[in-house]
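One chain, chain A, appears in both complexes that follow, with chain B as partner in the first and chain C in the second.
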Partner chain A sequence: MEYAIQTKKLVKRYGRGFTALDGISLNIKRGEVVGYLGPNGAGKTTTIKILTKLIKPTAGRAYINGVDVTRPSKEVLSKVGSLIEVPGIYEYLTPIEMLTYFGRVYRIDKKVLDRRIKKTLSLVKLSDCEHKKIGSFSTGMQRRLAIAKAILHRPEILLLDEPVLGLDPRGIKDVREMIQHFQSEGMTVFLSSHLLGEVAEVCNSVIFIDKGKVVESADMKDITARLETKAISVEFSRPLSKEEVARIQAVKSVSNAEVSDNTLLISFEGGLHTSYQILRDLTGMDLEIVSYNPERMGFEDYYLSLVGNERGVK
Partner chain B sequence: MNALKDTWYITLRDLRTRIRMPIFLFMSMAQPILFLLLFPQIFKSVGGTGGSTGGMLPAGISYLQFFAPGILVMTSLFSAAFSGMSTIMDMDTGILSRMMATPVTRVSIVLGRVIATVVVILAQAIVMLVIALIMGVHIKTGFGGVMLALLLIGLLGLTLSAFSNGMALWLKRQETLMATINLFTMPLMFLSTMMMPSQVLPHWLNVVRHFNPIDYTIVGVRDLVLNGYIWHDLWRSFAVLGVIAVVMVAFATLMFRKRAE
Partner chain C sequence: MTSLSSDLYYISLSLRFEFTKHLKRRRLLIVGALAIIVPLLFLIRAADTADQFASNSMMFMSFLIIISAAMFAGDAISGDFEKKTGLLLFPTPQRRVSIFAGKYLAALAATLLVVSIYYTIVTVEIIGLFGVGDIPAELAKSYLIAVLYSCSAVSIIYFFSSVFKKTTMSTLIGFFFLLMILPILSMIMMQLNVEPWFIVTYPAGLITDVLGATSIGASHRGAINTFQPTFGVGMIAVIVVYAIVFFLAGTWIANRKNME
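Up next, the complex of A and B:
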């Protein structure tokens, strides 16, 4: 099978013995939206830089649509759009001028270029500013323009390194909607981010990387299933007596029960099925239950359980 | 063909950016203009005065007439030598990475910047030339000689700009680049016949200037302004500058490719 993006035991070492990537192997299918998560210094940006031919790996191979990116040919980049680190703004140019320049570099036919630029600026909601100097743009506008540049040539593959960095909630929502739009058009999107919520919202699958190695790789559906229920918050119509609390603590699988006014936080061993059993047992005790809320492990807790501290932090 | 097109697009983009920073264009000419106004006054007695004592130049040649070609070359020197600063800014802001993550031919990224610098230098040289003409400088070879002089100045600009951009890609920091460029440009300027005729320079300096590309440019331009078409000097100037230009462009391209590692 030819993957959209593939790496085989990718290694990148810098001077003085620092290993940024230590045998990364990725297989990303066409049309997928994949999140690449890890702490600062994990190797996310290094991976993306290798895929965009900005740096060469020390060992291993990287492929875009089956083409080895470590080979001299640059034409593979015509299928790739990228947003890497700092947006890189051309202060004294307007969006039209900047996109015209990139359109020519990407060999977009002159006859279609003007129309394509208008459409792309409309997609990223910058039509009103097409003739304003980029130097006057806010961070959010610069990011959107950087995305416009990345998609102008209608790439098959989009590599986004921290696309929502520095954006306010409105800006984050705009970028999320854009990524969902790109996915609907069949683009393969590979994005690195620190914002776990955004990754969970838009990605089909997630790869966790730490200290230059892949720690975990799974579909979002599987990860969601793994975020097991470990506690239940139950609200009663009245405060419980000590005897009633003791009866609840004696229920099979309950490891602890903390009382807080009318609410009981019940911790237990097991999964979702166990929580249903506990609910059945509670209703059998003739207690008036007002509300029942399973508390799931958050994606953040899952992420932290997989990846350690940032590199350089002892 | 792609390399030519890419070079054209990058040159245009660079020029558009520079035109929108007119203060920068003016500031890079400020020192040469100041020198052109001040030095002929300071070194007035150096000028040939048809038999008067104290003149070091041939009769009828004022210091202004002698110095003006040097000033044209100085304009090229300062503008080209610091053109690498823009490259470092592009690296720091991510613009260079953006360009490299596209199918654009690598050599065109260097050439485009260098050619844009040469265009600016030639425009500045024309402005300096007009000022010199207004001040009374006479060009013996006329329009043809001016064209050849601009060609020499452009070639020097290309050489120094390529060198500056190569150093920028190597050093990667503005402060280090500035210090390095100053280390080169000041000695190059003074180890030449820019300010004084060769007859009054010490022997060792007359030897050293033969290794200085600035001096080859000055000799060629000065001949065109003062003496006419001295083809022996002109061919030698073009040949030396041509070879050094090729070497410097190769150096800049090599530094650019190494950056990707």
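Up next, the complex of A and C:
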């Protein structure tokens, strides 16, 4: 099977022995929106820089549409759009001038180009500023323009490195909607980020990396299933006696019960039906239940359980 | 599209884009203004003969070439790495060599435009003051050397732009290399009674020497043993070799640079 993006045991070492990538292997299918998650310094940007031929790997291979990007030809990048880190801007040009140049780089037909630029600027909500000098743009506007450059040629593959960096909440929402739009057009999106919420909302699957290694790779559906209720927080009108706690612990499927004042945290094995059965058993015990809340493990908790909680997670 | 025609397409695209940048950044206008104003200053105390007027006017030419080359080529490569515009420019289907060649040609085109404006104005002044018949034939030789020296100066500063990460560093070092370091080396050579024919600023002195004067920035007089370059294939070859070698070396280094 030919993947949109594939890497095989990718290694990148910088001077003084710092290993940014330590044998990363990725297989990304066409049309997928894949989140590439990891703390700062995990190797996300390095991977994207290798895929876009900005740097060379120390070892291993990287492929775009089956073409080895470590080979000299740059033709493969004609089908790739990229936004990497915070690129510099041509402050003395207007968006139209800048995008016209890049449109020609991607050999977009002159007749099509003008319309395409207008449409793209409209998509990133910069239509009102098309003739203003880029130097006068806010950080968010510059970011949008960089996204416009990345999507101008309607690439098959879009590599986005921290696309919402520096954007306000409205800008973040707009970028999310844009990514969903690209997905509906069949684009493969590889989204590197350390912002979990952003990834959870738009991606089909997620790859977690840390210290240059893949820690976990899974579909969002699978991860969501793993985050399903495995604990219930039950609040009572009064503190429970030891005997009452022991009775609860004896309920079928309950693996543990921890008491704290009026609240009991019940861990159990099973799904939603088990949770319902436990509730039924508890109500049968006449224990004056005030509230019954299935605890949901957050995406953040899941992430921290994979990479540890010492570094840059938001 | 073949690889060659594809490269030519991207070189011409890069050239036009970079030239537009020179225009938009007003650098071309500033240096262009110098090329217009300075020759007019020589009218204040006009020389008695056309030869002398041309000779006096061209004393500024080497300096103008160096300042133009520094302005247009100083950030040709280092700028994309320092300002991170390379993150937009490099992950595209164009080869880096094409991008850099276009940048070099744009810097050269801007420099040649400035040089040509200067020569045109001086020629018009000579016509106005002395008549068409008095235009010195040596002015064409001077122009030829100025064009070739422009190629070398742009190549040298382009080379420094590929070596250094900071644009101010590459611009200043390139500027002082041509304006001071090479002329000082020439003088040292002459002190040692060695003709510095292999130092590019020495043959570049022909810009004025063919007209009978010595220019700012290409001075090789004042030493105990005075040598003077003679117009010919040998001196032209030295300038051309500098242009080619520094361009190739700069492109090679730039092509190997990682955008880290």
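Here is the rule we use: the second predicted complex is superposed on the first by the 257 of 314 C-alpha atoms of A that agree within 3 Å, B and C clash if a C-alpha of one lies under 4 Å from a C-alpha of the other, contacts with A are read in each partner's own complex, and residues count from 1 in each chain.
Heads up, the rule we're going with is that contacts are C-beta pairs under 8 Å (C-beta built on N, C-alpha and C of every residue); 3 or more make two chains touch, one makes a residue touch a chain.
None of these values were measured; they are calculated from a predicted model.
When both complexes are overlaid on chain A, chain B and chain C end up clashing with each other. When the shared chain is aligned, no partner comes close enough to touch A:Gly197: not chain B, not chain C.
When the shared chain is aligned, chain B and chain C each come close enough to touch A:Ser82.
Once the two complexes are laid over each other on the shared chain, residue contacts for A:Arg104 go to chain B and to chain C alike.
When the two structures are aligned on the shared chain, A:Gly66 is found in touch with neither chain B nor chain C. When both complexes are overlaid on chain A, the residue A:Gly166 reaches neither chain B nor chain C.
Once chain A of one complex is fitted onto chain A of the other, the partner contacts of A:Pro239 are absent, as it touches neither chain B nor chain C. Contacts of A:Tyr14 after superposition on the shared chain: chain C is touched, whereas chain B is not.
Shared contact residues on chain A (touching chain B in one structure, chain C in the other): 49, 52-56, 74-75, 77-78, 80, 82, 84-90, 92-93, 97, 101-102, 104-106, 149. Residue ranges on chain A touching chain B, taken from their complex, read 49, 52-56, 74-75, 77-78, 80, 82, 84-93, 97, 101-102, 104-107, 133, 149.
Note for the complex: chain A touches chain C at residues 14, 49, 52-56, 74-78, 80, 82, 84-90, 92-93, 97, 101-102, 104-106, 146, 149. Against chain A, the residues of chain C that register as touching in their complex are 10, 13, 17, 20-21, 24-25, 80, 83-88, 90-95, 258-260.
Partner chain A is touched in their complex by these residues of chain B: 2, 5-6, 9, 12-13, 16-17, 20-21, 90, 93-106, 260-261.
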